[in-house]
Amino acid sequence: MDDMLTLGRQVLALQPFSVLLGAELTGFSEGSAELKVPIKDTLKQQHGFLHGGVISYAADNALTYVGGSVLGPAVVTSEFKINYMRPATGDFIIARATVIHAGKNQAVCRCDIYAVTGTAENLCATAQGTITKNGQAQK
Amino acid sequence: MDDMLTLGRQVLALQPFSVLLGAELTGFSEGSAELKVPIKDTLKQQHGFLHGGVISYAADNALTYVGGSVLGPAVVTSEFKINYMRPATGDFIIARATVIHAGKNQAVCRCDIYAVTGTAENLCATAQGTITKNGQAQK
Amino acid sequence: MDDMLTLGRQVLALQPFSVLLGAELTGFSEGSAELKVPIKDTLKQQHGFLHGGVISYAADNALTYVGGSVLGPAVVTSEFKINYMRPATGDFIIARATVIHAGKNQAVCRCDIYAVTGTAENLCATAQGTITKNGQAQK
Amino acid sequence: MDDMLTLGRQVLALQPFSVLLGAELTGFSEGSAELKVPIKDTLKQQHGFLHGGVISYAADNALTYVGGSVLGPAVVTSEFKINYMRPATGDFIIARATVIHAGKNQAVCRCDIYAVTGTAENLCATAQGTITKNGQAQK
């Protein structure tokens, strides 16, 4: 495993909420991040689908990671927008984030979230957002 | 407690993810929904703040509730956008959602999320989104 | 007329596109901006309604103004999201923008766009976005 | 020229605002739309760049076209989000829109807007939005 992924996983292990969800960083390199969350019963809503809040968590976190991959580790998600397209069912979701444009202090990033059953992937949501260096945004 | 809030709480109790987070529906009437989530250690990120994914969960769920308050219970969140403004610290967050415009099949809704410490409230995020009757959207 | 509104109108007069549309700054103070665009034939789409692009222009520009009212004149609109709610018909649209949260380098702002017929106002769209000091964003 | 592009251009010619801007539909097929707008003086802001409102117009209109390419002609843009990444300078902008997911009544679409100088293209903005069949949304 390369150093960047190792470091990214160490950070994820320091996020109690990510640990609670069972999230796993499965890819992390400059301009790319991949986060996996199991579709387990405790993460569902009342109809047996993965709760939308888990999907938005995955989008938010994958976006922050990918922004950090080009801006450095001290970043925050300033904002994002997500469209839900299909209920998420199956074994797990994979959030794949990429950088569309990186500036000095901000990066515009995108994230597609797939529900995976066996080897079949279904796109269930897509997000677009802004990652900002800490201290440069409103925070 | 009125019937609508009682019913809303029953639905929330059927969402394992909401139970996992300790979310509580503190207000629910036509055009208004209020959801409370405790800021506890298991919901934090690596810097000791509430994880952004918990905030986006609260926005997503409060938006769905408020949309359902005018469109009926069979609704989904089609999409939303969230701006994070301050790290959330304190005792709990309160997500307050309102309906901006309700049509036959869709409602455009807004949600402000406050971090509460004692009696002091700080706006930490704001969201805007579309709630759609199930079967009318892409799902 | 106060100095801030006068100054704002001078800037608007320097925007050829705003002049082309016939936009008028009708209010401008710290944390508040109001922009008016006539609903004239040349700005319509094929069904006789004001083109959505005019509404998004009004949102974009009113958001930039209101952000500039708290951050200073050298700002750009980093991003915004708009929900269209009703076709815009009548005499003109009014975009009313406010600041939700202002930080050092960014402001999160909101804008409601009303279609006005005589004295009747109808909310036809709502937007939320981020205004950033020039040089601090990705640009 | 194929029938779909011909039909699309006829519709664009019926939009007075698109005619005013000098917009041209340069591509239109199932799941794809391309709209071109010249960067001329009348469409600029006070710093000599193309006005952001023109870019948001192009995003809005290209998104509506591409949604209509899979849902049929009677569609509206329900909402979209746009991130501006670079000032637009050069000869013209090209908005390229694609469909991410099409359902029965809605399509989630994406649009990248490039500023073109000679043969060099620079991505200047990116948008994501929802196109809805008329009568199914809130309108």
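Think of it as A, B, C and D in the order they're written, each chain with its own count starting at 1.
Keep in mind that, in the parts below, a residue touches a chain if its C-beta (ideal position, glycine included) is under 8 Å from a C-beta of that chain, and two chains touch if they have at least 3 such contacts.
A quick note: this is a predicted structure, and the numbers were derived from the prediction, not measured.
Farthest chain from chain C (centres taken as the mean of C-alpha atoms): A. Averaging C-alpha coordinates per chain places the centre of chain B 33 Å away from that of chain D.
Put simply, the C-alpha centre of chain A and that of chain B have 20 angstrom between them.
Note on chain placement: the centre of chain B and the centre of chain C lie 28 Å apart, centres being C-alpha means. For chain C, the set of residues that touch two or more other chains comprises 78-79, 81, 83, 85-86, 101, 103, 108, 130, 138-139. Because contacts link each chain to all the remaining chains, their graph is best described as complete.
Every residue of chain D that touches chain C in the complex is listed here, in rising order: 11, 14-18, 20-21, 41-46, 51-54, 56-61, 64, 76-87, 138-139.
By the touch criterion stated above, chain A contacts chain D in their complex at residues 81, 83, 85-86, 100-101, 103, 108, 110, 123, 126, 128, 130. Against chain C, the residues of chain A that register as touching in their complex are 78-79, 81, 101-108, 130, 132, 136-139.
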